[in-house]
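Some structures to go through are shown next.
You will see two complexes here that share chain A, one where it goes with chain B and one where it goes with chain C.
Right after this comes the complex of A and B.
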C-alpha cells in the first residue's frame, strides 16, 4: 500500500515537472509581455519533433543535442515574435491580451498542419538505447529517463530564476513586466527585451518537448493538450511566477496521478475543472497575492 | 440598393438554392452545399456572440454537441424530427443558462479560455460515457436521401441569417455592439450588460444546438465525442474572422470559401490542409485586416479609379 502511494507520487512528480516546464514559458510571456500565446504547446511539439529528427537522422543523443534545440527554438521564437506578436506590443493591455490570444490561436491552427506535412500524423517517441531503463529505490521503481528529465527541469528553472533575479538583463525583464513605459523611459530597449523574453519562453517549451518525446510521445495534435496543461498550471500558480509555476506543475502532476487511481479516464477533466474553479473564485492563483 | 431591391435579390438567391437538388444530381456536390449551409448556420450563430457582442466564446462546440446528441437520440428513439431538433436546441440553451452566469463572471481573455476549457471537459466526458459511434439503423439508411437533409440545412441557414440580421438592426443589436466596443461605457450609458450578453449567448447557443441537430440528422455515423470536438468551434471562428467578423455577409462568404477550399485542397494535399491556409488567413486578418474579406471588398470598392490615381500620385 505504502509502495503504491510512493510509486504514484514518483510518477506524479515526473509528469508534474514536465507540466511545470511547459508552463514556465507561458507564464513568462504572459507575465512580462501580457501576451497569452495559446500556440505555446505548438513550440513544445516542434522541439519534440526536432529531437526526434536529430536522433533518427543523425544519431544525436537528445540530451547532448539539447543546446542545439534550445538555440533553434529560441530563433523560432524570435522570428514568430517579429512576425506575429511585435505589432501588438503597443496596444492597450486588454486589447493586446485578446489579440495575442487570437494570433496564438492562429498558430495553433497552422503548426499541426505543417507538422503533419513534415512528420506525418503518426505518434513518435524519442527512444535512445537507454530508454526504458529503471532501478529500484526503497521499493519504488525509478525510471532513468524521467529522472534525468527531472534533473534537466530543475537545473533549467533554477537557471532561469537566477537569470531573472541576478543579471542585468533579468532586471530589465522584471522592470519591463512591471511597467513597460517607465522601463522605456529608463533607457531599457523594451522591444528587444520582449523579443528575447519570448525567445526564452519558446526555448523552454522546446526543452519540454524533448522530454515529452522521451517520456511520452509527440504527434502533430499534441500542442493543444500541453497548452491546456500549461494554462492550468499558470492559473494555479498565479501569472508570471516562475518558481510558482514549477511547484504548481508538481501539484497538478501528483493530483492527476492520484486521480487516475480513482477516476480513470476522467482524470484529464480533473485539471480542467480545477482550472475553472480557480478562475471563478481565485483569479490571482493559489500562490499569487490579491 | 434600395430595401426592395435587397429583398428581391435575397428571394432570388433562396429560390436558386431551393432548385439545387432538382438541377444537380451529383451527390458529392449536394453534400458540399449541405456542409456550406451547415457552416453558415454554425458560423452565424457564433458571429452573434463572438462578432457582434465581442465575447469570443471558444466553447461553441459544447452547444453544437448537446444539440446534436439530443436530436440524434430523440430522433432515433422515434420522436418526430422537428420536435427532436427543437428539443436539442432547447437543451443547448438550458445548458447555456446554467453556465452563462458563472461564465460571464469571467471578463475578456478569461471568458475565452474558460469556455474553451468547458467544452473540452464535456468532450472528455462524452468520449468516455459514449465511446461507440452512433450509426443510423438500416431502416433509415436504406431510404437515406440527401435532398431532405439539404433542405433542412437550407432552412436553418436562412432562419439563422435572418434572425441575426434582424437582431443586428434592433435595439438589442445596438446594445450588443456597444458592449463590444466598450463594456464599461455601455454599462454607464444604461445598457444592462450582463442581461444583454446573456440574451445574445442564449440565442447564439440555441442556433448552435439547432445546427448540431441538422448535423445529427445528416451524419450517417458519428462518434458522440466527435460532436463535441473543438474543431466545430475552431471552424466557426476562422470562418467568421476570415469572412468578416461582426457582419452578416462575412460568415456566409467565409463558409463558401471554407468548404470550397476544403474540397479542392483535399484533391491534392493531405486532409486538413485547408486549415493551414485558413489559419494563415486568420492570422493575417487578426493582425492586418480586421474586416476580413468583407472589409477588403469594401476597401477595394472605395478605391474608385479617380482615388486610385490619387494614391499612385501620392
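Right after this comes the complex of A and C.
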C-alpha cells in the first residue's frame, strides 16, 4: 500500500513538473504583456516534433540537442510575436486580452494543420536507445528519462528565476510587468522587452515539448491539451511567480495521479474542477498576491 | 534648451492640447499651473514621448524629439516623474533605483548616482531591500524623484509631486526639487498647488482647457488679479 502511494507520488511529480514547465511560459507572457496566448501549447507541440526530427533524421540525442531547440523556438516565438502579437501591444488592457485570445486561437487552428502536413497525424514518441530504462529505489521504480526530464526542468526554472531576479534585463522584464508606462520612462524599450519575453516563453514551451515527446507522445493535436493544463496551473499558482507555477504544476500532477486511482478516466475533469474552485474561492491563486 | 512649438495632441478621439508652445532655458525652474484636467499632464507626457504628437514639434538642444520613442528621449536627458509616482511596488527600493539607471550611459555611473541619491534621501538607504510598495506615500515620492535622478537628466519633469502628501512632506519635497534645480538640472514642475509652485519657480505657464492662456514671471503672476481669482482664492 505504501509502495503504491509512493509510486503514485513519483509518477505525479514527473508529470507535474511538465505541467509546471508548460505553465511557466504562459504565466510569463500573461504577467508581463497581459496577453493570454491560448496557442502556447502549439509551440510545445512544435518543440516536441523538432526533437523527434532531430533524433530520427540526424541521430541527435534530444537532451544534447536541447540548446538547438531552445534557439529555434526562441526564434519562432520572436517571429510569431512580431507577426501576430506586436500590434496588440498598443491596445488598452481589456482589448489586448480579448484580441490575444483570438490570435492564440488562430495559432491553434493553423499549427496543427501544418504539423499534419509535415509529420502526418500519427502519434510520435521520441525514443533514444536508453528510453524505457528504470531502476528501483526504496521499493519504488524510478524511470531514468523522466528523472532526467525533472532535472532539466528544475535547472531551467532556477535559471529563469535567477535571470529575472539578478540580471539587469530580468529586472527590466519585471518592471515592465509591474508598470509598463513607468518602465518606458526609465528608458526601457518596452516593445523589445515584450518580444524577448515572448521568445523566452516559447523556448520554455519547446523544452516542455521535448520532454513530453520523451515521456509521453506528440501528435498534431496535443497543443490545446497542454494549453489547458498550463492554464489550470497558472490559475492555481496565481500570476507572476515562476517558482509558484512550477510548484502548482507539481500539485496538479500529484493530485491527478492520486485521482487516477479512484476516478480512472474521469481524472481529466479533476483539473477543471480545481480550476473552477480556485477561481471561485481564491482568484489570486495559491501563490499570487491579492 | 527645450522648445515646444504649437503642439496638437489627442487622447484617443479627443483633442487634449491645442497649439501649445512653451520654452525652458538651461537651468530654469518653470511651472505649469492650471486646474485638474486642463492638460498639464498631457504636456509632460507628450514631451517624454508617451503620447504621440498630431501637430507641432518639440526640440531639445536643437534636436527634434517629435518622432522619437520614450526610451530614446530618456537617453537624451529628459526624465519624467509621472503622476502617482509610477514606482514598481513589487520590487525592492534598490531595484527601483537600478532601473532608473537603465540607459547605457547612466548605467556606467550607477554607483556614483546611488551615493548621490542616498545622500539626498538617507531614508531610502535604510529601506534599500524593502519592497517599494511598503513605503509611505512621502517615501514613495522620494523614491520616484531619486529614481528619476538615477538617469542623470538635464531636464527633470515632476507631475504633481505633492499629490496626496501631508503638508510637511510636501514642503520637504519642494525643498529637494529646489536643491536639484540649484545643482544645475532644469525643472518643469506641474502643480495644482499654485501658490507653492509659483513661490518655487521663476516662470510659469497657465494651462486652461488644453491651451496656454497666460504666463510670465512667477512673482508677477502671484499679484495678477486674474490668477488670484482663479487659483489662489484671494481675489
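Keep in mind that, in the parts below, the second predicted complex is superposed on the first by the 290 of 290 C-alpha atoms of A that agree within 3 Å, B and C clash if a C-alpha of one lies under 4 Å from a C-alpha of the other, contacts with A are read in each partner's own complex, and residues count from 1 in each chain.
Heads up, the rule we're going with is that a contact is a pair of C-beta atoms (placed from the backbone, for glycine too) under 8 Å apart; a residue touches a chain by one contact, two chains touch by 3 or more.
Quantities reported herein were computed from a predicted structural model and do not represent experimental measurements.
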First (chain B), second (chain C), both or neither touched by A:65: neither
Partner chain(s) touched by A:244 [first = chain B, second = chain C, both, neither]: neither
First (chain B), second (chain C), both or neither touched by A:16: neither
First, second, both or neither for A:109, with chain B first and chain C second: first
Touching partner for A:149 - first (chain B), second (chain C), both, neither: neither
Contacts of A:41 with chain B and chain C, given as first, second, both or neither: neither
Chain B versus chain C as contact partner of A:269, first or second or both or neither: first
Greater residue coverage of chain A in the superposed arrangement, chain B or chain C: B
For the chain B and chain A complex, residues of the former touching the latter: 56, 102, 105-106, 108-110, 112-114, 117-118, 120-121, 124-125, 127-128, 230, 234, 237-238, 241, 269-270, 272-273, 275-276, 278-280, 282-283, 286-288
Sites on chain A touched by chain C in the complex: 168, 171-172, 174-175, 178-179, 181-190, 240, 289
Interface residues, chain C side, partner chain A - complex: 48-50, 69-71, 74-75, 79-80, 82, 86-91, 95, 98-100, 102-103, 106-107, 147-148, 151
Chain A to chain B touching residues, read off their complex: 36, 38, 84, 87-88, 94, 97-99, 101-103, 105-107, 109-110, 112-114, 116-117, 224, 228, 231, 264-266, 268-269, 272-273, 275-276, 279-280, 283
